[in-house]
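What follows is a pair of complexes built around subunit A, which joins subunit B in one and subunit C in the other.
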Partner chain A sequence: MELQAVVMAGGRGSHMLDLTQGLRPKPFVLVGNKPLIWYTINMLEGAGFSEAIIITLNCVKTHMELVLKEFNMITKVIGISEESDLDTVDSLCLIKDLIKSDVVVLSCDLITDLPFHRLADVHRLHDSSVTMLLCPAKADIENIPGVKQKKKGQQKQREFIGLCPTERLNQRILFLLNEADLEDDLLPVNQSLMREFPKFQVRTDLHDTHVYLFKKWMINYLTHNKMRSSLRSEVLPYVVQKQFAKSNRFQNGTGEGETNIKMDVNDIFSYVDEDSEKDFIYDLTLAPHERKVNSKSITCYAYIYEEGLCMNVNNISLYMEANRVVSKPDSTFLNIQTRVHPSSRVDEKSQVGADCLVGERTEIAERTSVKRTIVGRNCTIGSGVRLSNCVIMDRVHIDNGSNLNGCILCDDVVIGEKCDLKDCFVGDQKKLTAMTRLSKESLVESQAMMEFE
Partner chain B sequence: MSATQPRCLFPLANRPLLSYTLEFLASCEVKHVYVYCCHLAGQVKDYLSKSKWMKESSPCKVTPIVSADFTSLGDVMRDVDQKSLFESDFLVVPGDIVSNVQLKIPLEEHRIRREKDKNVPLMTLLMSKSSPKHRLRSQEDTVVIASDSITKRVLHYHKGCEQKKVMFPMSIFENPLHKVEIRYDLIDSGIWICAPQVPTLFTDNFDYQTQLDFVKGILINEEFLGNQIHMHVIDSQYCARVNNLHTFDVVSKNVVSRWTYPFVPDFCYDDLDSKSEGRYTLLRHNVYIHQDCSLEHDTVVRDNCIIGPKTRIGNRCQITNSVIGAGCKIADDCCIDNCYIWDNVEIGNCCTLNKSVICNNVHMLEKVTLEAHCALCEKVKIGPNCTLQRGTTIYLQMNNDEESIKKSFDVGEVGNEGQGYVWKTEDNDDINDLEQAFWGMSLQDYHNTVSESQIEEEESDADSDLLSDDEDDAENLELLTIDDDLTIFQREVKESLLGGFEEKIDCDNLILEINSSKYAYNMSVKDVVQTVMRASLEIADLRKTSDKDFFPCLKSILLYLTPLLCKYNKSSSSQLDYLYTLEEFASQHEQTANVMVKILMFLYENDVVCEEVILHWNSNPKGLAGDLFAQPIRKKV
Partner chain C sequence: MERTAGGDQNSGLTAEQKKQLKKERRKAKVSGKATQSTTQVQTSFPGTDASSSNVLQKSKAELRAERRAKQEADRAAKAAMKAEQTSGGSKLKGPQVPANIQADDPKVQKKAAKKLEKQQVPQRAEGQKKVALFSHLHQYERSLSITSNMGFGNTGIHPAIIQLGLQYAEGLITGSNARCAALISAVCRVIKDYVTPQHKELSRDLEMKLKPAISYLNQCRPLSVSMGSAIKFMKLQISVCRKMSDSEAKSRLVDSLREFVRVNIVLAGKAISDSACTKISDGDVVMIYGNSSLITRVLCDAHKVGRNFRVVVVDSRPKLAGRGALRRLRQAGIQCSYVLVSAASYIMPEVTKVVLGAHGLLSNGYVMGSVGTSMVAMAAKACGVPVIVCCEAYKFCERVQADSFVNNEIGDPRDLLVKTNSHKSNPSLLDEEDWKQMDSLKVLHLTYDVTPPDYVAMVVTELGKIPCTSVPVVLRVRSTDT
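Coming up: the complex of A and B.
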């Protein structure tokens, strides 16, 4: 087994609390009437993985197993307790005994049509310690349901990624710096680094998809050094930086013989695999002065997936976007034969567009038009209703003559007659009286006020 | 070396550097070149007037402009502006460039950019690509450039490699459309394609001296002025400047090994100069022997050598990787490796020379050994029987007073019949420093003839008018700048204040002037504060007619300068600096000490310093040498 897959599904979805509160933690948020985790597992299965380890909260373990029954691959669901507040690194440590080879770590909110082998090829080609998947960041969409207006001044923290192209889309990562860590609005770059890589790019327009390929030794290192708790914000920048540090062990180790070398738990280099074959090849091929290069080096590469779709559904805006994308007529994510489930009933006089999805046992009355909308299960939609750009979850009732545009309606919502809603977010079990007119409102229980990035 | 000969006339592979530059321009179909000559301008002008460039048949018109006053590129550009030499785009080229680049593509790129937007693109810098470990690079020339990889716009320009880290302002990453690329693999060729507004900008910003000042100024003020700088990277053609001995060495080698083709020694330059009559013959392994030179039988010339006309070489010599000029006499049994021997040098029997430069008319007697990295300046005489240590420089003429101090030659160093002095740096202990400085690391103070040429290019390519200027710095001035920015700054401030006071210029203008000097010399606020205070005291001292007159005089000055003083007194530490400067001055100057109380009172009344600061100062003596004096002053207070 060349690669093992670990899916991090223990997140609570803190950037879209409205959606994830109650009985719907992040992996089970429905996108195109499929839980989010389905997309990740589907991608892995398509890529040829026969096994996956899924880390999730204890309380949803059984639910998770239920969802995963659909797949042929062997899945191992590991539950973590809600209170322990484990971070990504801790979670990895928890399953260290299950990891036998290099590992790909991904987040459950990933939706992508990436041919996975491309990423794996970068990993194989450069024998990199860490390979990460990047994609161009998307501009925020306007009219997020339930958000009045964009909060100004809350500009996103930029991430500065120094990339040195090796091939067209595989790039060596030279540094990862967050804007917050920089002083005086200055970006420092070491001269020694520039000497080694005299031409490189600084990108701020890339989005980290939280897909990482780690070498096996990295997991060993992580389990022994638990100081760092977040893969993204602590471990990766550290490893990237260590690429250019000198390996102490190599310097004093070769002459003295293996026995004298103590395993230094803090030194990342003591975990790096020795590769005698590579050393041998270097010996044969490199000129003496170049032979300093040794197989015990740390290398970080990135693959930039530019042409296709790649997104992390971690806020409301991306949630809308994801729904739209997967239900497009030419979408390859869902193997859709019938856009309207056979058990649903749509009146002949109603129109359901080719970019819509309608779930099981839903009823749509006459003279209703549904465009670019996803309708969940067991919904009833009255006559003369217009729906466009909406996401409607399960057991929603919409009365006659309502007009909804760009809204998200959660489970068990009831909309009265002739309501007119635009860009609204309607939380679970909300009931709107007839003739309600709202725009850009968020109707949720007060306990979970929305917090956006 | 450049004290007696301008750098642009140094013989590179037996041809003056400037001729390479002019040939390069002619090959780019440049039609009119203005040559700005400064340092030893007479020699440059003489050379030009004798050369083919001033003849009817010359492919381009060359106009020398002589002025010894110009000390920097800034001065030249301001002169260009004053004379309004150009109405259209033009080229600026340093007079020490060796290149076979075709400028068509960069010129075309520049033209397209300028057509798209009339005023925004200001100039195009030509950069040549070379990896960080390339021999052509010298550390002092290290540039780091952040540019947009699509539009080739320069976003940040950093020069020098002293700091471990290079800081990039975050603002350059703001525009998501820019694909910011950081390049460390470039050498600034010094060639600019300029829009006609460039000289005007130099006039507007009188503190711009060098190219670096200008580029930085434009980039910093980009937002207000809206000017942009672009660059063009020369990838496959040759382009290098000879601005120190290290590059002299490397470029010479490159010329010999034909990287600069067609500008190689055996090229038909159709010079009518008597010196270079006749041709070089190219033998295998890049050995060029002039038709008109004589080699004795057993002498071996191997690998990458040039032997100039009328040179005689005796028996059993070994010459490798060296360039030997015209009219040299080399006796028997010499071993010469990696050397540059200029014209009319005489070398006695059994000399051994390694990796050194020997200037015109040097005379070496018997059995002299030069270890690596030696340099012998014009007319030096060495030997017999002596060995020069690694990195020694011997000179004979120097324009400054040093000559009179050291009258006799050090026989131990230069041999019994030797004539010449060992050249030493101010802190002359570390020979490695010297050697490094000499061979191209931080060569500034020794070898600083800056040559800048400048060429105008009219829009229509073929029949364009052109101008180039060559300008060599007065050595002394440059030396001063390097020595002590602070002193110059102080002097400048004092002059501004004095002038301002005499002519009653508005204080706001003075503030502006001081601020610009502050940035020009990169002074801290503290320096400014101290300098201003000191300058006003000195002016008062200068203007007083009698001792009694001192305070009224000072008072009138201070009164006049009050707005200025208030400008810099924002923090209590600045106020404290005022007082310490005052104290320091008073400790050396009795009259000031006498009226100290009055001065303090005056400053206090005019809100220059506040009470707490005076008290703080009074209770916190600073451990200066003037403590003894300070005591009475404090007491008086």
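Coming up: the complex of A and C.
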């Protein structure tokens, strides 16, 4: 077995609480009428994985297994309880006995059309300890539903990624820092890094997609050493930094045998597999090496995917964007699903645009125009309704004459007659009376409104 | 006997008429008019006359005579052909040409593609804009989609081999010794993970498992001479462990493969280094070409022993491998100069010796090395500078080649072109866009070339210092040893 896939679907979607409260945690948020997790598993199956491990919350375990029945892959669902508040590293510790080879850790909110073998090739080629997937960061869309105004001065959390400028796309990561961990607006750079790579590029326009390929010894290190709890914000920057750190082992001298060196549990270098054959080959090869690479060193590489679609559906802005992209006429995700489901009834006098999706058993009355909208299952849309750039979930009822632009309507919402909503977010089971006119409002349960910065 | 001209069909003849025809034929035989009767047959096909009663007899006799005439004609022709052939001396079958140098023959390529499909090895896409003179060699596209359908499961090719193929294709592991050592290391891992399926024998099944692996590696990058030698050794070892238990056979295989690397690369390198050091004297100016793990080792060892010499490193585009050699020699503290191959003849009067590494040594004494080696050797010969080639004995191969056209490896033409950037720094340099647009422009990137034995003074191997032409002797000695 070369590579095992682990999907982290236990998150609660804390950045888009409006969408993910209640019985709809992040893996089941619908994008293009399919749950988010579908996209991840679809990609894994297309890449040639025959099995995957999915870590999710206990309450949705059965629902998850239902969704997974659609696929041919052998999937193992591990449930964690909601109260335990386990983070990614702790989840890995749970499954450490199931891991027998190198691992690719994905988050459930990834939507991409990346041919996965390209990322795996970078990992195989350089024999790197960690390989990441980077994609160009997307700016927020203009009108986010439910958000009154863009908070002035709020910068999106940028990531400072230092890369070695080589010709090819598989770049060596020299430096990884999140803006949140920045102290005093200074970027700390290791001196040994500068010695090895006197010229390197720091980019802030790239986004880490939280796809990580780890070598097996990394998993051993993470599970024995529980000092860190989050892969993204703690482990990765630490490992990237350790590439250029001196290891204690080196300082012990070359003459000592294995038994003399104390197994320091906290020292990452004691986990690295030493391979004298590999050293011999690195010595013989005529390829130019930027640095004296040997099997004892830690290396981190990244693959930058710029040609296609790659996004983490993390907040509402990206959610809208994802829906739009998935329903585009040339989207690659729709070959199985038909645009307008055969069981739904669309009146002849209505117009449903080419980039719309209509779910099962939905009824759309006459003189309705539906543009760039995704309509869920079991909805009833009255006559004379104009829907533009909306996301409508299941069992929604929209009365005649309403006009919705750029809105998100969650399950079981009822919109009265002749309403006019622009850039609104309407939460589950809300009912709006007739003739309501709202703009940039967010109608959700009160506890979800508290958003801490 | 009257004959009727023309006529096409045999009318029905009675038995009497047939007997009469037979008599006639016998008469014709006796008279000995063999050749005449053939023409007679054509004209005498029966009409409806009475004379047609003779016709069947005649036709039978004539048929027999016709057959005999044919036989004699064949015999005569064969004799004539033999006479021709003895002067020509060629077999009727024709020479066996391997498929990898017949890339422009669609039939051969179809067969090869079918073979790859059977082994479930993906085929690499052919490159565009091949030079016509080298259209018989494969030129592959760079973008590696060879692994796109490989999956990550247990079936098919072992991950160590997939990794190795990628490293070969991307040029991370280059150089004959490195490629051979890496191959053996990967095969050891395959053997370690190998489990004999039920009802199958290790010696046969393991070989079947290695075949697609080797095809895959060949697709990633054509096998080198050193790798070929290692594969031959591997196959021999596998066939030998027939009557052993699985674990014993596996450990024996792994040990013998490691021993192969130790003997043929490490120890041979040491022996060659000791031998060649005696040839480098104080005050020498040694010229080397490109990068070779063996040559840098020889020079570093000579320096350690205390010889006082300086080195001129000759390098060539696009690989610029000489820089690696330069770095190593400088790390050892040897005084170096660096030129490109276009300046080789300019700097040759200063040089006292040329030491070259080889990719392989061919049976007719030709030395196969990286492209440009023959230029340096020729320049050296013109200036009267002795050329010494250092090569391990396992790189000797039975192939015979007198030019670099028949068999070679074609690299990516884009390596020779300048990288496209939006504002061209120097518009007179060709970049990828120009290459794609100009139909008549074809760029050739060769990897190897052959140096004739007249240019080489001596070959230093671990078996001693031999002339180039003694390669078949060494091969014979080695084959009797194993």
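The rule is simple: the second predicted complex is superposed on the first by the 421 of 453 C-alpha atoms of A that agree within 3 Å, B and C clash if a C-alpha of one lies under 4 Å from a C-alpha of the other, contacts with A are read in each partner's own complex, and residues count from 1 in each chain.
Keep this in mind: a contact is a pair of C-beta atoms (placed from the backbone, for glycine too) under 8 Å apart; a residue touches a chain by one contact, two chains touch by 3 or more.
Everything numeric in this text was worked out from a predicted model, so none of it was measured.
Engineer: Quick one: classify A:F49 as touching subunit B (first), subunit C (second), both or neither.
Structural biologist: second
Engineer: With the two structures laid over each other on chain A, which partner does A:N72 touch: subunit B (first), subunit C (second), both, or neither?
Structural biologist: neither
Engineer: Report for A:T204: first if it touches subunit B alone, second if subunit C alone, otherwise both or neither.
Structural biologist: first
Engineer: Check the residue A:F280 against both partner chains and state whether it touches subunit B (first), subunit C (second), both, or neither.
Structural biologist: A:F280 sits against subunit C, while subunit B stays out of touch.
Engineer: So, A:Q191: does it touch subunit B (first), subunit C (second), both, or neither?
Structural biologist: A:Q191 sits against subunit B, while subunit C stays out of touch.
Engineer: Where on subunit A is subunit C touching in the complex?
Structural biologist: 1-4, 47-50, 115, 117, 120-121, 124-127, 167, 277-278, 280-281, 283-288
Engineer: Could you please specify the touching residues of subunit B with respect to subunit A in the complex?
Structural biologist: These residues of subunit B touch subunit A: 131-133, 144, 146, 149, 161, 163-171, 173, 176, 179-185.
Engineer: So in the complex, the part of subunit A that touches subunit B is made up of which residues?
Structural biologist: Checking each residue of subunit A against subunit B gives 158, 160, 162, 179, 182, 184-192, 194-195, 197-205.
Engineer: Mind pulling up the subunit C residues that touch subunit A in the complex?
Structural biologist: Counting only subunit C, the residues touching subunit A are 144-145, 147-154, 159, 162-163, 166-167, 170-175, 177-178, 181-182, 185, 188, 265, 291-293, 320-321, 323-324, 419.
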